[in-house]
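All chains are identified by letter, namely A, B, C, D, E and F, in their written order; residue positions are counted from 1 within each chain.
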Amino acid sequence: MRPNNRAADQVRPIKITRHYTAYAEGSVLVEFGNTKVLCNATVEENVPRWLKGQGKGWVTAEYGMLPRATHSRTRREAASGKQGGRTMEIQRLIARSLRAVVDLEAMGEMMITVDCDVIQADGGTRTASITGASVAMADAFQSIVESGKLKASPMKGHVAAVSVGLLGEDVLCDLEYVEDSAADTDMNVVMTEAGKMIEVQGTAEGEPFSHEQLLDLLAVAQKGIQEIVTAQKAALTD
Amino acid sequence: MRPNNRAADQVRPIKITRHYTAYAEGSVLVEFGNTKVLCNATVEENVPRWLKGQGKGWVTAEYGMLPRATHSRTRREAASGKQGGRTMEIQRLIARSLRAVVDLEAMGEMMITVDCDVIQADGGTRTASITGASVAMADAFQSIVESGKLKASPMKGHVAAVSVGLLGEDVLCDLEYVEDSAADTDMNVVMTEAGKMIEVQGTAEGEPFSHEQLLDLLAVAQKGIQEIVTAQKAALTD
Amino acid sequence: MRPNNRAADQVRPIKITRHYTAYAEGSVLVEFGNTKVLCNATVEENVPRWLKGQGKGWVTAEYGMLPRATHSRTRREAASGKQGGRTMEIQRLIARSLRAVVDLEAMGEMMITVDCDVIQADGGTRTASITGASVAMADAFQSIVESGKLKASPMKGHVAAVSVGLLGEDVLCDLEYVEDSAADTDMNVVMTEAGKMIEVQGTAEGEPFSHEQLLDLLAVAQKGIQEIVTAQKAALTD
Amino acid sequence: MRPNNRAADQVRPIKITRHYTAYAEGSVLVEFGNTKVLCNATVEENVPRWLKGQGKGWVTAEYGMLPRATHSRTRREAASGKQGGRTMEIQRLIARSLRAVVDLEAMGEMMITVDCDVIQADGGTRTASITGASVAMADAFQSIVESGKLKASPMKGHVAAVSVGLLGEDVLCDLEYVEDSAADTDMNVVMTEAGKMIEVQGTAEGEPFSHEQLLDLLAVAQKGIQEIVTAQKAALTD
Amino acid sequence: MRPNNRAADQVRPIKITRHYTAYAEGSVLVEFGNTKVLCNATVEENVPRWLKGQGKGWVTAEYGMLPRATHSRTRREAASGKQGGRTMEIQRLIARSLRAVVDLEAMGEMMITVDCDVIQADGGTRTASITGASVAMADAFQSIVESGKLKASPMKGHVAAVSVGLLGEDVLCDLEYVEDSAADTDMNVVMTEAGKMIEVQGTAEGEPFSHEQLLDLLAVAQKGIQEIVTAQKAALTD
Amino acid sequence: MRPNNRAADQVRPIKITRHYTAYAEGSVLVEFGNTKVLCNATVEENVPRWLKGQGKGWVTAEYGMLPRATHSRTRREAASGKQGGRTMEIQRLIARSLRAVVDLEAMGEMMITVDCDVIQADGGTRTASITGASVAMADAFQSIVESGKLKASPMKGHVAAVSVGLLGEDVLCDLEYVEDSAADTDMNVVMTEAGKMIEVQGTAEGEPFSHEQLLDLLAVAQKGIQEIVTAQKAALTD
C-alpha cells in the first residue's frame, strides 16, 4: 500500500498557483503532494551571444534547491562555488523540454529563462519543475503578446512530465521520496499535451529492467501525464 | 506621501508564518509588505572544526536571493561560482545578530544554521531576514528541548531589525525599494526585545548625516522594532 | 544512403584494443569508426568517505574530451576551471552503467575509477565510453583476482551501449556526428549482455516521437548491442 | 590602563607618509601605532561598463592583508581562490567612504582605484585604510589636475575614520588588537572633515549596548577623528 | 647500468607519428620510449585580444596529463577546478619554445594552439611535448600554405628538447622516470636545429652542481638534440 | 650606457632591512635599486599532510605582487580567483631554492613558509625574493634555536640569486625593468654562497643564444652573486 492510500497509477494531488510572486512575467508555484517548486519565467529582449543576428529566440532554465528543501540540509551551491552534476543534468533537461514546445523562429530575438527553485522536495522535483515551468512560460509569452511585441504566443502546446518507477513487482506513478529511494528502476517521462514523447529517461538503480517493464512504465506515465496536462489547462483558465 | 499612505514612522504590515516548510526544525515565512523571506533553521549535532571540544554551540546563517525575487533577474550565485560581497555582508550580519541573543555555552556542542532565502524583494530583506530567523531559531531550540537534548532554550529573547532612512527632510521607517533607492542615508538597526542595540549600520548614500539626524533615525527605529517584536511574540503564541 | 554505405541498423566497425597504456589495471582503446576513446580503469584500496566501514566497494567514472578531438577546438575544461554540464551528465551515466553490472557487496572496500578520455569524436562518445569501460573494468577486476585480494570477479556480465536515432523516416543505429546533428530524436541505450536495460535516454531534438517510434528505436538498439557485446567478448578472449 | 599609557580617548601616534612607492598616482603608508597600511591610488581613463557614456566618474577600493601581517599567518586569499567575507565587507566600506567625498559628476569619465594592503595589523586596519586612502586619493586627483585633464579636484574634503569600543565600563578610542578582541562593542565611525557622518557601524560582540553608550562612543569617535583629519592635512602640506 | 642497457648519452627510441588524429591541422604522437604525448596543432584565424590589429600572429600551447598516464592515478585538473603550478610552468615553456622558431610578423593575424596531452608518462614529458609540438606546428603551417592563406611557412626551423641529469657521477641523457626521481640535478634544454639555445633550465634537486657539471650536461644535451632533430626531419619527409 | 651609469656587470645598490615587520619570525625588506620585496618567514610546528610522521621538515614559499607595484595596475589575484602561471612558476622556484640550502632531516617536523610580496617592481623580483627570503629564513631558524626547539640551525649557508641578460652585444647583470623588456635573453641564476649552482634558467626572448653567450652570462652572474652574498652576510651581522 502506498502512502496516503494512493493507487499505483495515481498521481499525487497537483496544485498550480499562478502569479505566485509579483515581478516575474510568469510565476508559478507547482505542488505535487509535498513537492513544491517555484517556477519564475523571465523575459529578456536579447539572446545568447552565439544566437545573435539569426532572428530566432531562445528558452533556457536554471534549477536550484533551497538548502533545507530536504530532510537533512544540503550544502548551498552558491557557497560551495559550483553547481553539482545533478543540478546541471536537471536544468538541461528542463530547458530542452521547454524548447520542444516552442517555435523559436516565431519567437524573434527574445529569451525566456525559467528559474525552478525547489522549496520543498519529496520526490519528482524535476518533473514537477517541467510541469510548472510550462505554465510559467505560457504566462510569460502571454505578457509578450499583451505588450504587443508578438502577435501570438509561439508555444505549440503544453509540456508535462511525471516520474514512474518499478518497486518490486509494482509499477508506480509519481513516486514520493521514500518510494523513489527504494525503487529498482526510476523513469522520467516528458510529453506534449498531445501525448508525444519529448524525453524518456529510464535508469535501473537495482535490477535491470525488461522490455515489457519498460512498456508498463510508459503506459502508466502516459496516463499520469494526461491528468497533469488537465491540471495545467485548468490553471491557465482560472 | 509614502506608497499605501503609510506614515513616516510606520512599518509595513508584518506577517510571520511558522511551519512554512515541512522538514526544517524551524521554518518561517516572514513578510514585510511585499518583501518575503523564507527562514529555515536547521539543527545539527556537531560544531565547526575550530570549536570542537569546547562544549559550546554555534549559530550561523546563510542568505540567498532567488534570481527573480527582484524586478529584473539577477544572476544565480551558484551559476556564477561565488557569493557576492553583498550576500556575504548580509549573512555575516544575520549570524552575528542571532548569536547575540543565544547563550552559546548553555547550548552545548550543537549548531543551528538559519537559511534566509528571499522569495520576493521590496527593500529591507536583511532586516526581515533577521526578524524571521529569530522566530525560526526559537522553534528550532524548542524542538531540541522537546527531544530532551536540552532542558531549556538558550535563547535570551528575540532579536528584531528594521531599516530606517533619510529621504530629503523625512525620517522614514521600514523603507520599500523605491524609497530605499532614493534615500540619502540608509540605516539598519538590530535590537533585542528589551530595546538594547546589537547592530547599528548607517550609511550616507548621498549627503553625510548629522548627529541630530542619527538620533532621529534611532528613535524611529526603536519604535518600529517594538512593533516587530510584538509580531514575533504573537506568532510564537499561535 | 549513410556514409560508407552503412545499412540503417548497422553499427560501425568496432575495435577494442586492450593494454593500450602500460600502467592502468585495465586500459582499453575503443573505436566505433572514427570515434576513439581511451578507457583506463584504476584500482584503489579505499572507498569514498561516505561509504567507509560498510564493507562495500564503489565504481565511478570520469569523462573528458581532448580539446581537438572535435572538428573545431573546444576549450580545455581544466583551463576554464570547471567541468561543463554535458561532461558531468556523461560521466554520471557511465558510472551508473558500470555499477549496474557489479556486485558492490562482493567487491569489498575497494574502488575502481574508469577514466574515459575521448581522443577523437565522431558521434557516440558516451556509448563508446561505456562499452570500452566495461572491458577495462573486467581487466581491472581480473588484476585484483590475480593479486589474490578477491577470489572471483564481482562483475555480473558486460554492459554495452549504443546510440540510435530518427533521421526523417529512418531509424538509424550508431550515429556518426553528421547524422547525430541532423537527427530529430537521439536515444542512448545501455544494456546488459543478457539484453536487459540499464539506461534508456531518448530526447526529441526536433519533433516529438511517438510510442511506435520508441519501439522501433529500441529494437534497432537491441540488435546493435548484441554485436557490440560480441566484440567485447572477443576482445577479452584474445 | 591601556598599553603605552594611552588615555581612553586618545588615538595612537599617526604617521602618514606620502609617495611611499614610485609608480602609483597616489601612494600613502598610513600608520596608527603598529597598524601599517599601504594605500595606492591608481588613475585610469575609463569607467566600469555599467557607467559608460554617462559622463560620470567612479571611485572604488580593494583591500588585502599580507599573510603575515598578523600574529599567526593567515592563508593567502589568492591561493585559496577567493576573497573572504571580511575582505569584501571592508573594501566595500572603504569605497563607499571615499565616494562620499567626491563629486563624481565633476570627475568626468575617469576611475580611481585605491588598493589598501595591510603590511602589519594591530587593530583598526579598516579605519586606517580609509584615512590613508583619502590622502592617496587627494594626491591622485592632484596628479590629474596637473596633467590638465581636470581643472580642479572633485574632492569635497577629507574623509577619516576611527574605531571606538566598549571595554567593560570604558569607552576607548582607536583600539589595538588586544583591546579589540576583549571589547564588548566595537564601532567604526567614518566622518567628513566637517564632522558629518558617512558611516556608523556598531556591533555588540558581547553584551548589547544602550542608547547612552552609543552616544558616548560617538562623542569619543568625533574627537578622535578631528585629530586624524589634522594629521591628514599636515601630511598634504608637507 | 641504465634500463634497457642504454648508454649514458643515448636517447630512448624516438617515434614520431604524424596525422595521428583526423581533425587537427597538425596531429603528432611523439614517443620517447614509454613516454607518449599527443600533440595537436589548431589553426584559428584570429589572435588574442591584446594582439588584435597589429598584423602579427601568435603561437600558444596547453599541456595536460591523462589521469592514469602515471603509475598511480593523479586527480583530473578539470575536476579539481584548476591547473596546477607544474602544468602552467610546462605549458608556458612549450609555448615560448615554439614561438622562438616562428616569425610572428610573417604569420599575419593567425593563431596556432598546440595541445600536448600526455597519454603515458615515463619521464621527459615536457621535452617530448616540445619535440612533437614542433612537428605538429610544421604540419599546421603547411596546411595554411596549402590553403593559400600564407605563401610560405613562417617557421625558421625545428625546435627540439631533451632532459639531461646528474645521477651520482653520471651524466645521463633523456632520463626515464626512475632515473629522474633519483637524479641530483635535472636539466631541460631546448635548442634550435642549428644548435642554438632557446631555454636552459637546470635544477639541483639534491646537491648543487658545479660549473664543470653544467658544461658536461650541456654537451650531452647537444648531442641528444641532434639525434632528436634528425628524427623530426625524417618524420616530416615520410 | 645603463641607467644611473651602471657598469654592465654591476648590481644595483642592495639594501637588506631585517625585522621590517613585527610578528614574523623572520622579516626582511630587500631592495635591489627600485625593486622592493617584503619577505616574511613563518615558523609552524607541523608539516604538510604527505610528510607527516617522517621526522623531516619542509620549507615552502608564496609570492605575490601588490596591484600597483608596477607602472600600470595589475589585477589582484585574490579578486580574479586564482594565481597566474607566472606567480606559480616564481613561488615554486623560490621554494626549491630555499630547500636546497636546508638540511630537512635535521630540521625535524617543522615548516617554514616564506611569503615574498613585491611592494615595488623594477625587474628582478624573483631573484630579489630568493635573496631576501634566505635572510628571513636564517632569522626564522635562529628564532627556533633561541626557543630551544633546535640545537643548531639546519641551514647549510646562504642562497642568493641574480638575473643576467643579453642586450644586443652586452652582457648585463641585474637588469632593471626597461632593460629586461628589451633583452634578447634573460637568465636567472641561483647559487649557494660557495658558488655552486642551484638553478639556472635561461630563456631566449628574441634570438637564440650560443654556448659562448651562456658562459658569458654565467660568469657575470657569478660575480654578481658574490656581491649579493656579501650583502646578506653583512645584514645578518648587524
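The working rule: a contact is a pair of C-beta atoms (placed from the backbone, for glycine too) under 8 Å apart; a residue touches a chain by one contact, two chains touch by 3 or more.
Computed from a prediction, not measured in an experiment: that's the story for all the values here.
*Asks:* Chain by chain, through touching neighbours only, how many steps does the shortest route from chain B to chain E take?
*Replies:* 3
*Asks:* Count of steps on the shortest touching-chain route from chain B to chain D?
*Replies:* Counted as steps through touching chains, the separation is 1.
*Asks:* Among the chains here, which has the CA centroid at the largest distance from chain F's centroid?
*Replies:* So the chain farthest away from chain F turns out to be A.
*Asks:* How many degrees of rotation map chain D onto its copy chain E on CA atoms, rounded to the nearest 5?
*Replies:* Superposing chain D on chain E takes a rotation of 120 degrees, nearest 5.
*Asks:* In angstrom, rounded to a whole number, how far apart do the mean CA points of chain A and chain F lie?
*Replies:* 59
*Asks:* Roughly how far is chain E from chain F, going centre to centre by Cα mean, in whole Å?
*Replies:* Going by mean C-alpha positions, chain E sits 28 Å from chain F.
*Asks:* Would you kindly tell me how far, in whole Å, the mean C-alpha position of chain C lies from that of chain B?
*Replies:* 50
*Asks:* Out of chain A, which residues touch more than one other chain, so two or more?
*Replies:* 81-82
*Asks:* Can you list every chain round the ring, opening with chain A and moving on to chain C?
*Replies:* Following the ring from chain A in the direction of chain C gives A, C, E, F, D, B.
*Asks:* Using the touch definition up top, name the residues of chain C that touch chain E in the complex.
*Replies:* 21-24, 27, 34, 36, 38, 40, 42, 44, 62, 64, 66-73, 76-79, 81-83, 87, 113, 115, 117, 119-120
*Asks:* Would you pull the chain C residues touching chain A in the complex into a rising list?
*Replies:* It comes out as residues 82, 84-86, 88-89, 91-92, 96, 100, 187, 191-192, 194, 196-204, 207-211, 214, 218.
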